[in-house]
Amino acid sequence: MNKDRYEIGIEKFKEIKGDKGEQIIERLQELDPDLARYILEFPFGDIYNRPGLDLKSREIATLAALVALGNAIPQLKVHIHGALNVGVSRQEIIEIIIQMAVYAGFPAALNAMYAAKEVFMEMDEKAKKKENVKLKDFEPDKLPTQLIKQNEKS
Amino acid sequence: MNKDRYEIGIEKFKEIKGDKGEQIIERLQELDPDLARYILEFPFGDIYNRPGLDLKSREIATLAALVALGNAIPQLKVHIHGALNVGVSRQEIIEIIIQMAVYAGFPAALNAMYAAKEVFMEMDEKAKKKENVKLKDFEPDKLPTQLIKQNEKS
Amino acid sequence: MNKDRYEIGIEKFKEIKGDKGEQIIERLQELDPDLARYILEFPFGDIYNRPGLDLKSREIATLAALVALGNAIPQLKVHIHGALNVGVSRQEIIEIIIQMAVYAGFPAALNAMYAAKEVFMEMDEKAKKKENVKLKDFEPDKLPTQLIKQNEKS
Amino acid sequence: MNKDRYEIGIEKFKEIKGDKGEQIIERLQELDPDLARYILEFPFGDIYNRPGLDLKSREIATLAALVALGNAIPQLKVHIHGALNVGVSRQEIIEIIIQMAVYAGFPAALNAMYAAKEVFMEMDEKAKKKENVKLKDFEPDKLPTQLIKQNEKS
Amino acid sequence: MNKDRYEIGIEKFKEIKGDKGEQIIERLQELDPDLARYILEFPFGDIYNRPGLDLKSREIATLAALVALGNAIPQLKVHIHGALNVGVSRQEIIEIIIQMAVYAGFPAALNAMYAAKEVFMEMDEKAKKKENVKLKDFEPDKLPTQLIKQNEKS
Amino acid sequence: MNKDRYEIGIEKFKEIKGDKGEQIIERLQELDPDLARYILEFPFGDIYNRPGLDLKSREIATLAALVALGNAIPQLKVHIHGALNVGVSRQEIIEIIIQMAVYAGFPAALNAMYAAKEVFMEMDEKAKKKENVKLKDFEPDKLPTQLIKQNEKS
């Protein structure tokens, strides 16, 4: 095992995936520790760590490839989070998906659009929940019951 | 036929492909006038003309997709010219190709690298030839013979 | 935006998809209004509207491609409805799927067959329900309760 | 119809798929009797029955192809059972999947790994259940109630 | 070996491929006698021989799939001959190719269009040559020299 | 750069590719030194070096994947040499290719078969040449002229 590349990979992974990074790494390690290690070492420790192309451009390239390949929807969803994290906007993600209709056909673009909108919706719902909780901080007497209901819904 | 989208498409196509644009359009029209028209109208008139993603990022996305798809080498070569034209550097093109080994496998990356290096070499040879011709402008008496030899080699 | 191609696209879309057309268009527009517009304008306004190949043959070609591509099951299901609508029989759809085992392998054919049989079953269940309701028109006193139960099940 | 190839196919299918073979054949025949017959006759009656490559190597080749194709997860799961049955170990299956990251990219390897681990877990749970039932044979007074609960859970 | 399916396959193959059929079979047998036999037995003896979809529709489906798959250009060329032979017109072939831009992207459609136009040109050149030879039958004294030149060019 | 994995990769590469190994590495390095390094480090230094699956089985898996992917003919040819080198027989390679018709369709199998037979023929021609040279060792007076002619032909 190569400590250095592995550690660089973890750092790069967290830089790209943000606060979700830790959790995704854990799930990958549960799935298969060797495959998890290679993912951290080679794509993230070696490739994403290379100079010569900025992280935003790297995520644009990855999104385009995952949309075009057509059978990588779970990975596309993870990389949509990553792309947003390194400065690709929602609108830019949508543009990449629409553009892929030209190169990989409309079915690939459509399936990717469904995945992207699903990710956006989940993010908005989570954000709304946090917002609500924050607002309720100013209504201390109502908080406990409401939070319980909140949790029941989710 | 829709004049506006068609004309926007031709402009966009020439903006991206540079001085090679005119010639590629002619070859596409010889191949099939209807398919040529759709290429100019939809990808270039509609998609590349959209705001929301700059041309450099659009070419990065297209290069990534063409490498990942694996069966679009002629289109990859054309888009390498286009990418260079809108500000993607050779190094960045190489980075995109190497990164695709992660998502589409090493064979796809290798075949794309061969195509890219071929395009770069052709460009360098053409540039060298022009350079030589320019230098020879200062050796007027030697020019005719040398140019003939030059042409014999090519 | 191009009104003419868009309107032709909507007409063509409804001609192919039948009474489901309106609803699918609405869902596409909810998903992404721009991608929805391009789908109506380019494939349906431009391509399916071309003379030179009848609609039945166009749907045969599309079904074959969607089976062979292997990662377009949702689109395959929508086009099975479309194909039936423009005169492709269930038996012909099954023949196309079996034939694709030759060109794209048995897994692609198998996954498509599951999708096709699912669509056929849903159609038969809906038809049976309608049939039942019609029959019950002749048993007026039993109708209200039975219809409620019917709806509860669906 | 060709009785001989069909019968050889059924035998080969059961040899590979083990005690699950009968059930999978029935499900294939329910799905589509003609496609089921071709699957038994051509891949299993003709190809897997050929000398020149042992069954274990044939299953290794098939697993690799199904991982690389990326859109054949249901078939991959069935062939993981088959591979285990003809002597490919779990570790060897995991090795094949990891190796495919090199040729078809990490998303294909990741999706295949999820499928494989799911199959392994299901097998372990079934095995545990059988084990439990066997152990309870020595606690005769507790058996009836426990078995009922057991069955309710499954 | 199964004589009946094999013989039906040869007949069907020749019916579809026309006067080129014999020659293609020989080349397939030189390549690999077993693979050649399976191609004649399964796709042509079993599938193309099935009722339920006419030969013209079968060739439309096959052309669409081969264009969409993108890595089957040699097979696409052979099937363009076959399609023309069973009643698909050149215009219809072009329509299928253009339509595939929608489902498999423009690169797949473009590469297929190049292949199709190449096949059409070869056919036209052969036809012209035959035409010339026929015309020259009426100019007997000029024939020998002209035929030699003709052959030199080809 | 990681010396150890790189050196293990070179050793493994040469073990698999045999006497051609050195030359292929040089060509890869000329193409692109970074991509060459990753190929030696990750697939060969990391993956092929793993215990848990013997080299022969690894090459069977790789051949199957490259045939199924359909757009990796140059890599397939290189791996046919590698497979033969680690103990896969020509007949076994042909079996793998024929089997892939089941999972990836007949066009993929046919294109791979052409590639395989081309590799076999080249090997046989080289072997014959060497054989001839050896035989001529016993006709010393004729050797020089004949060898020159031999080289002119190749």
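For reference, chains read A, B, C, D, E and F in written order, and residue numbers begin at 1 within each chain.
The rule is short, and it goes like this: contacts are C-beta pairs under 8 Å (C-beta built on N, C-alpha and C of every residue); 3 or more make two chains touch, one makes a residue touch a chain.
Given the structure is predicted, the values throughout are model-derived calculations rather than measurements.
Engineer: Looking at chain C with chain F, do both copies bring the same residues to the contact (over half shared) or different ones?
Structural biologist: same
Engineer: By CA centroid distance, what chain is farthest from chain D?
Structural biologist: Looking at centroid distances, B is the chain farthest away.
Engineer: Out of C-D and A-F, which chain pair has the most contact pairs?
Structural biologist: C-D
Engineer: When the Cα trace of chain D is superposed on that of chain E, what is the rotation angle, expressed as a multiple of 5 degrees?
Structural biologist: That pair's rotation angle lands at 180 degrees.
Engineer: Averaging only over C-alpha atoms, locate the centres of chain D and chain F and give their separation in whole Å.
Structural biologist: Between these chains, centre-to-centre, one finds 32 Å.
Engineer: When the C-alpha atoms of chain A and chain E are each averaged to a single point, how far apart are the two points in Å?
Structural biologist: Between these chains, centre-to-centre, one finds 48 Å.
Engineer: Of all residues in chain C, which are in touch with two or more distinct other chains?
Structural biologist: 38, 42-43, 66, 69-72, 75, 94, 98, 101-108
Engineer: Using the definition of touching given at the top, classify the network of chains in this structure as line, ring, star, complete or other.
Structural biologist: If you draw each chain as a dot and join those that touch, every dot ends up joined to every other.
Engineer: List the residues on chain F that touch chain E in their complex, please.
Structural biologist: 70-71, 94, 97-98, 101, 105-111, 113-114, 117
Engineer: Inside the complex, what are the residues of chain C that reach chain B?
Structural biologist: Within the complex, chain C touches chain B at residues 2, 4-5, 38, 42, 46.
Engineer: Name, in rising order, each residue of chain A that touches chain E in their complex.
Structural biologist: 101-108
Engineer: Can you list the chain B residues touching chain E in their complex?
Structural biologist: Checking each residue of chain B against chain E gives 31-32, 34-35, 38-39, 43, 66, 69-72, 74-75.
Engineer: Chain E touches which residues of chain C in the complex?
Structural biologist: Those residues of chain C that touch chain E are 42-43, 47-48, 50, 52-53, 57-58, 60-69, 72, 75, 91-92, 94-96, 98-104.
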